[in-house]
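Labels run A, B and C following the written order; every chain starts at residue 1.
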Amino acid sequence: MEHLLYIGSLMCVWIIVSVAVNLVIGYGGMMTMGHAAYLGIGAYTAASLNIFLGLDFFSAMAAAAVAGAAVAALTLLPLLRLSGFYFALATLGLNFVFFDLFHNLAPRVEGSEGLHGLKLPAALASADTRFVTTLLITVACILAARHLVGSPFGRLLRATRDRPEAVASVGKNPTACQITIWTVSGALTGLAGALYAATLFYIDPTLFTLNASILMMVYVGVGGLASIAGSILGPVLLIGFTESLRFVGLPSQFLGPAQQGLYGALLIGLMIFRRQGLVGKHDFRE
Amino acid sequence: MTSGSKGLYLDDLAMRFGGVQVFEHVTFNIPPERITACIGPNGAGKTTLINAVCGVFRAQSGRVFLDGKSLDGIRPHELVRHGIARTFQDVRIFPYLTVLENVLIAMPNQRGEKLRHLFRPGGGVSTQERRHREDAGALLDAVALTDAANRPAGELPFGRQKLLSLVRAVATGARFLLLDEPVAGVEVELVPRVMALVTKLARVEGRAALLVEHNVDVVREVANQVIVLQGGGIIASGSCDQVLRDERVITEYLGRIYDA
Amino acid sequence: MNNLQVLAIGLGLAGHYALVAVGFALIFATLRIFHIAHGTVFITAGYVFFLLHRAQGIGLLPSGVFAVAVAALLGLAIDKAVYLPILRRGGGMFSVFIASLGVSLIFEAGFLAYTKGVVSVARTGMLDILTAGSVTVRSLDLAVLAIVAMVYGLLYLWLHRTKVGLEVRGLTDNGPLAAVVGVNVDRTRTHIFLLASALAGVAGVLTAYDMGIGPDTGTRTLFVAVVAVILGGMRNLLLGAIIGSVALGILTAYAGFYFPEWLTFSVFITMILLILVRPQGLFG
């Protein structure tokens, strides 16, 4: 039972991340392959503030969201001048840049590779309260994202995705719109990073590599671009499926590779047959 | 005409691409409350003129003044705020937004586009959005697009997209509208609606329009003043009657289009 | 460890990168495909070679040749089975890129499961060491450089003297136009993938023999090659790949000795800076 609650909490974390990533890829039209960096920034910010400065975890989460937003904005600004493909390639590079930064500079507990020892409040301390709290936060994020997407800003965002020069011709600033959504996405991802740390009790740099960014792409891609529902469906289906592999009797050493191989096949299948994903409302138009 | 007058004033504009001098010594004023037409053969540089005013390309020489203030250095998305909106010959509507959304997005000063209003209860977003929808609906009605309001704009035939791009520019509220061939490709029965809309903008709302046009009948119907651009410069300007009776204009331009 | 020695090591690494880089550049410049799976082709050849030579005891040359052939066919198969279907269904550079990532994930997973992450070295014996002053090299390093030089020479002849090579150069300059002028793009495409993949195969064999390979060596090497290609530019395929590979070889050698924990960082910061400042390369 506790394991199920753990999986549920994990699904919630990845739902928030998928929504955040879909906001920039599906609604904003900006391909990101490096969001794992922001997840890590959120996780490390929250964990460090909580473990080393004794900050209560909810405040640490807020700080994680701010840190995620700040780092996201900072990393975006130099890349704005790049065209679609080179932009994506540069974000891919961010994974590796941040991995070494986490590995070399991020705090760690003596004698281990990562951080543990979070002091969690009652609302997050046991598996069931943690699941409920995480679920509530996830629902709040989903509602906020839906509100954003259905608003005039959401309309402006979609127009920026489709025809940035035409956006300028009606008097709106497409670049400001892109920066805004990317920053919001960074905040959500940072927040998810904090929840991730609380769920796992332990974080280290290997959690925030290209593999994590690929996971995000698969969750969003399978669920569907420009669909909040898709960003819920993707992680739930895929995490659920991978968990069920455990019961099929696969030896544990094959679990990781099997998951990776499956995700690789999914990416290929999506690109050939269904680029808009399961319930997506947008396609990569090239 | 001096640079201190009211209106959109083009002062000795010259434009050069590669080795070709598209036009030079272009000087005229687009006054408010009036409709100015710019006619001339294909390739004379009429669209380039609009591009030059909007700063899409930097003019070789000359400047543009809006009510006496120079437009130098204004960035593309700031033009509307200063009071200038334009349409494109190739339309450029947002294909995956609905027809209604294409108009809504052009409305200026939307609170719903700012995050700080969106997430504040009582931010006034829905009230304003409702009002904008009514206004947008009226504009769509003026060009017979109401039935298509909820369809993706990309599905519309070219002529209707043209109409959409026109009302989108109108929706910006800009005082000076630079319209690039607003009736080209539009269904014949709907052309009078365009003329009525443009005339109302000028007479009732006091806005100005520059019509880049081929259709001389439309020009005759609505234009207060006409500029003829040809062979790298302005060969005639003045009221409709004056220009359309001008010898040079008849031989070099009108004669040709009536022969064709 | 002196600087000259590090330099020598860098040049040795450059040799390995040079074969991967030129193949990658060939495909990207002519077909606009960002072939991440090129690293997969590289590593598969390495594993095939390891299996045949080290595990089964088959001779050096037959194992190597077979591995290169497998690589060539694998690269072609990826194009036909994955890339072409995407392009035919209206996908573009992006979708192909992501699918290529998918291919590399699948193969990497397979190798991970099979090898359990252990590095496999195909070499069975010890190597001769040569010393010149303060620099020590292995005979293998010189052999690698000789092979690379020979391959590049053949490539040059192919590009400038054969009909297909000329068509390839035509594609490098102007893809769509070449299709109009009657270049058989399909057949040229096949040649390009076979050749580039074979080159990656040779690199895979050499690397497996020399330093050994792990499941993620393919993607690592591929990305270094990508940065090399970005640096050297694609205006002159051969020269650009050489210059980029030498630069990256020296960078990775120095980083490997003086700040190994920042090695990955260095390579990718270089990539990002290059993309920002001059995506067409320093010589493109």
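Rule of thumb we're sticking to: a residue touches a chain if its C-beta (ideal position, glycine included) is under 8 Å from a C-beta of that chain, and two chains touch if they have at least 3 such contacts.
Small disclaimer: the values here were computed from a predicted structure and weren't measured.
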| item | value |
| --- | --- |
| Chain whose mean Cα position lies farthest from chain B | C |
| Most contacted chain pair (by C-beta pair count) | A-C |
| Gap in Å, rounded to a whole number, between the CA centres of chain B and chain A | 43 |
| Rounded Å distance between chain A and chain C, as computed from the means of their C-alpha atoms | 32 |
| Where chain B and chain C are represented by their mean Cα positions, the distance between them in whole Å | 54 |
| Interface residues, chain C side, partner chain A - complex | 34, 82, 85-86, 89, 91-99, 101-110, 112-113, 116, 223, 261-265, 267-269, 271-272, 275-276, 279 |
| Touching residues (chain side chain A, partner chain B) in the complex | 144, 147-148, 151-153, 155-156, 158-159, 162-163, 165-174, 180, 184, 282 |
| Residue ranges of chain A in contact with chain C within the complex | 31, 78-79, 81-82, 84-86, 88-90, 93-94, 96-97, 99-101, 103-104, 214, 217, 221, 253-254, 256-261, 263-268, 270-273, 275, 284, 286 |
| Sites on chain B touched by chain A in the complex | 75-81, 85-86, 88, 92-97, 101, 104-106, 108, 110-115, 118-119, 125, 129, 168-169, 171-172, 174 |
